[in-house]
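Think of it as A, B, C and D in the order they're written, each chain with its own count starting at 1.
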């Protein structure tokens, strides 16, 4: 197995020209694409339809290039779009391709990626143990698929999960069912949290018996250090992309990770870079920065309203959602360190890293 | 002359309890306060009334503590409130006190601060050469007041300038006059730009003849490296606080500065720290960070829509003003470096540093 | 008792010039002001400090004009500022003055107004039965004060209630207490709802035993038809203004009310006008509209996300709070009917009228 | 010629299920669709990609149902999506179908609709006389196509025009060209204004020689009473739908219009209803309201900041764009009158009706 990674810029959510160029140039075989992980320029909250627009645009291109039907593409490729490109964050997509070359690995641990899907969830199942359990199950399947035995070799598990809308809540009610929370914006958090807990159980980060419905979005001492989950209106199931290092991979890429303790924890970013294999002294040189393909991080407003003992206004700002504030900060800090604003920062880190912080993963090419 | 600097937290724009405590504890003599430089938690744009609320709150406290009338306080103390505390930025105020101890300076250059006011501007004068000229004149006066001969010893000139409202535009029209721009939000930029150009001329950064009405907010190759200007609805003139180092000062504080080339230029932040007198290796140690009293920086969305060659969406986001995006990023980057989110970042850097960047000044205590 | 009512425009939250003019002209005796009911131009949500700025501005003027201390003014005058002037809504204040002329009423029922205060609430009491009970108690006191025996003669009870901030939540936690809800924005709804239920019990609109902690912000079939409650960060207790008609009043004004079934129920507005004593045919003539002094209404996004069977996006819009959408609509509808955008519409109508609707009261002068 | 009109609800910008149902039921022949006029739930400003998502969704459905290529559909069907569904406005689309039945008209004037396209515009042409001239030319062609001789029989001309983005501005600069305005948001106004002036000239509402580059977005005394223009990021040309009444049409629908003088001018709405052929007394009865298929109106914040002599804050609100405020109000007023929140209100009425007002058209079925 050989994994290739391409980061492409997007001038709009439906701009897939850069991928088209890579295909035309023979650098990407459209039939080998297994995942598209995008940052799109919506608000990243409930009514962000840039995610759907990007998904339909990439899917259409792959359909046209492969001749596959929509159903076939949807089964073979995971499209995980995360909305919100605040501050200097640059809209982009990361394309993962898998080439089954039959070659044995190099003996070194190299980037391995797999992707898959849970079943669809009913509105009343969203944000519940049903999501936890399904994400746990699929995460284990994806580890096996990626040829990773040791959970310590899993460095990032990206999940796209659904959210509740007014229409979906009414649908549940019409069938005599209640939903986990009636606020559509809050439903995003419940789904993100439940998905992350599923990963944490699968990887042995927390024991299965520690998690119950009451835990979800309440006991934040339980979390995964590698899950990154993002909610979107455009799907009803969870799409999962698992990334790690495997001796079975002959990829030119490696991945590492760390956990940011808060939104300005730049030292964790440096640790993640080091974890991926770059030996940096305090911060990367310009030359080293060029080896960094992308950084994937979660951003979140600390629930206390304080960072390093100082009050902030992310939770009391009724004009801008706190996830938008948080993404701007975390992206800015990472961009400064790696000399590139085109890094992936996704908001809402419920059960993903400690309160106010979150996982940060780095892919390097060398 | 001895200058003291106090940074106090604010739990709301009208929270002046921390200053009251300092006065009650004898640390601050209310009669020696010359300037209050605040970051308040509004949107930092046209309809941000948190600036006015903070001003009235601090003024009332000083009136009560000194027995001075409102007019007396207004003449003796410059209140410069900058709105917008996006991301992790912590609302706070920096209080400057001047003690005329008659003592000669130490021979070392130490912090010197002076403050003053331009005349009121008519609506039709806002954003014009009238503002440029008045700011130039007062800046020179304040240099003299602060005992600074060499413009190179001026490290930060903070100006609060007015803005146009619908009412003020109508007032000009009723007198048959036109204003420089009819969009109230844009008028903030014109006033900030004109004020900064006045400083630049005063300090010899650019020649007077280079600046004309056509230059303002058009030729951004002309800028000051130390001006920091901020517009507010609550005043009609400009309030100016000038900071530098002078051999006549016996202060325990020193100031330095640098210029950020863009919003994520953390190396400029480190240069500013070094310029203030701290010898840091790549970034400050926790111990060194404690000597940093405050950082003052300008933030701005690059007019090209690009940072380090990567597109961002600050200028095309119709939900959040680009100044809000920019402040979140610059504050995050500085907060990470100095281990403190309570630093002063003000938005809208027209003619203050290069396009997309801005001055950054650091006060240290040692 | 004689009640006078003055509606004044405000060019900013701290603009009290129109009241000053009325005082200077002898039309308003500052010692007779019992209530100031303002619409201020903030976002009407958590971080809206325009309410505090207006309060301090009006209070300062009355202090200066009467010679009373801040404490005295605060005891004698209720300042109820409601934030949010979306759409064409015009920022303004309504000043209520009470003249105890000793004269008997005219025998006709005429406008009677009284105002008072509950005790301060601890953070953990906010949004609970403690608020319900205190508002019930004070409402009954104010009916007696206004000389109103029959609850049917009470047409509008305006309450300003507190809200939770990050700091207040931490305070409760530091004392081992929990708060009713951890989201600061949601705490506004709980306090508005609890206050309204207190009024409803006092006026016999619902039986006391129907209300418990579980009811608040859950069972919306329970509501008052005359309560109008508004939350603000600037106070810790509830300030209450009760308006009705009384035979003991010799006022030149009368009040009436109705209940809007939804945000576009203009027929209820016409009913309220008729209830106040104007005989209108379908809608008021321009001449009749001039007799309308002000309209006071509550606005709310229907919790179903539907109005007249049509989906709207108020609840799924993550950029603009639903209260802001709702105020714009209700104000627009009323302004069209009464030929004046300067009418009072306040957002968040939990337990104030039916879901999606709210009370609407009209004061006429004749 | 026979025109049919269908109004369908949309649960999201990509929800085209209601059109699919109409096709499946045989009510709509997909090959007869000539225009889709949608209200989508984005912010209606620069970064509103819901318009593109709706366009791609409707286009895909029609491609699938007709077997036509994307190019063919694009040539035959005008997709005009207007973003922004503030307040109670309900996202929806109006589908226009044209059946060439060869039958002569009834002798009565009945609904006639035609649609077409201008050429693409370069970035430097946007908002200029090039747009004016092209829209003039195509409007005249569409009148002929619709069988309308007398400009007085044209009641609504809906245009979708492009806008500038950071990328498009850079493109112009790279070719040494300048654009009409550098603010992307403002470019929407220039394109809307230029398009409307083109219509006004075509219909003889203003003389061609009155319009020059200096006029566009400056002299608002020049305007069309029937143009409704809307800018979107998803196209580079103008798409035009012209609606009127023609004796050549055998449609069951009729159209009429009026001009709202300001955002709360409900009497103009009633006049438009009467103009379409319904005889209403003050406002429509519930029965009459059912005959109203849709209302099409433009909304705009008066540039003075005042409506009926009362100040509003639409232009000084830096959190919410004034177009969003204006749409909420105008939709609310119309929805109240016609008993239906699902009416089409589009923002930004430069040169479309008088300052602060705009055209309003009504289609009735009888």
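Please note the rule applied: contacts are C-beta pairs under 8 Å (C-beta built on N, C-alpha and C of every residue); 3 or more make two chains touch, one makes a residue touch a chain.
In this text, all values refer to a predicted model and were calculated from it rather than measured experimentally.
Novice: Is the C-beta contact count larger for A-D or for C-D?
Specialist: So, comparing the two chain pairs, more contacts are at C-D.
Novice: Which chain's mean C-alpha position is the greatest distance from chain D's?
Specialist: Using the mean of the C-alpha atoms as each chain's centre, the farthest one from chain D is B.
Novice: At what distance in angstrom does the C-alpha mean of chain C lie from that of chain A?
Specialist: Inter-chain centre distance comes to 46 Å.
Novice: Hey, how far is the Cα centre of chain C from the one of chain D, in Å?
Specialist: Centres of chain C and chain D (C-alpha means) sit 39 Å apart.
Novice: Hunt down the residues of chain A that sit against at least two other chains at once, touch-wise.
Specialist: Residues 11, 41, 43, 47, 165, 167, 311, 313, 316-317, 319.
Novice: Please give the residue numbers of chain B that touch chain A in the complex, ascending.
Specialist: Chain B residues touching chain A: 9, 11, 41, 43, 85-91, 263-266, 281-283, 307-308, 310-314, 316-317, 319-320, 324-326, 328-333, 335-337, 339-342.
Novice: What part of chain A is in contact with chain D in the complex they form?
Specialist: My answer: residues 11-14, 41-42, 47, 49-50, 52-53, 56-57, 165, 167, 233-234, 319.
Novice: Within the complex, which stretch of chain D touches chain B?
Specialist: 43, 45-48, 165-167, 170, 182-185, 303-306, 311, 313, 315-319, 321
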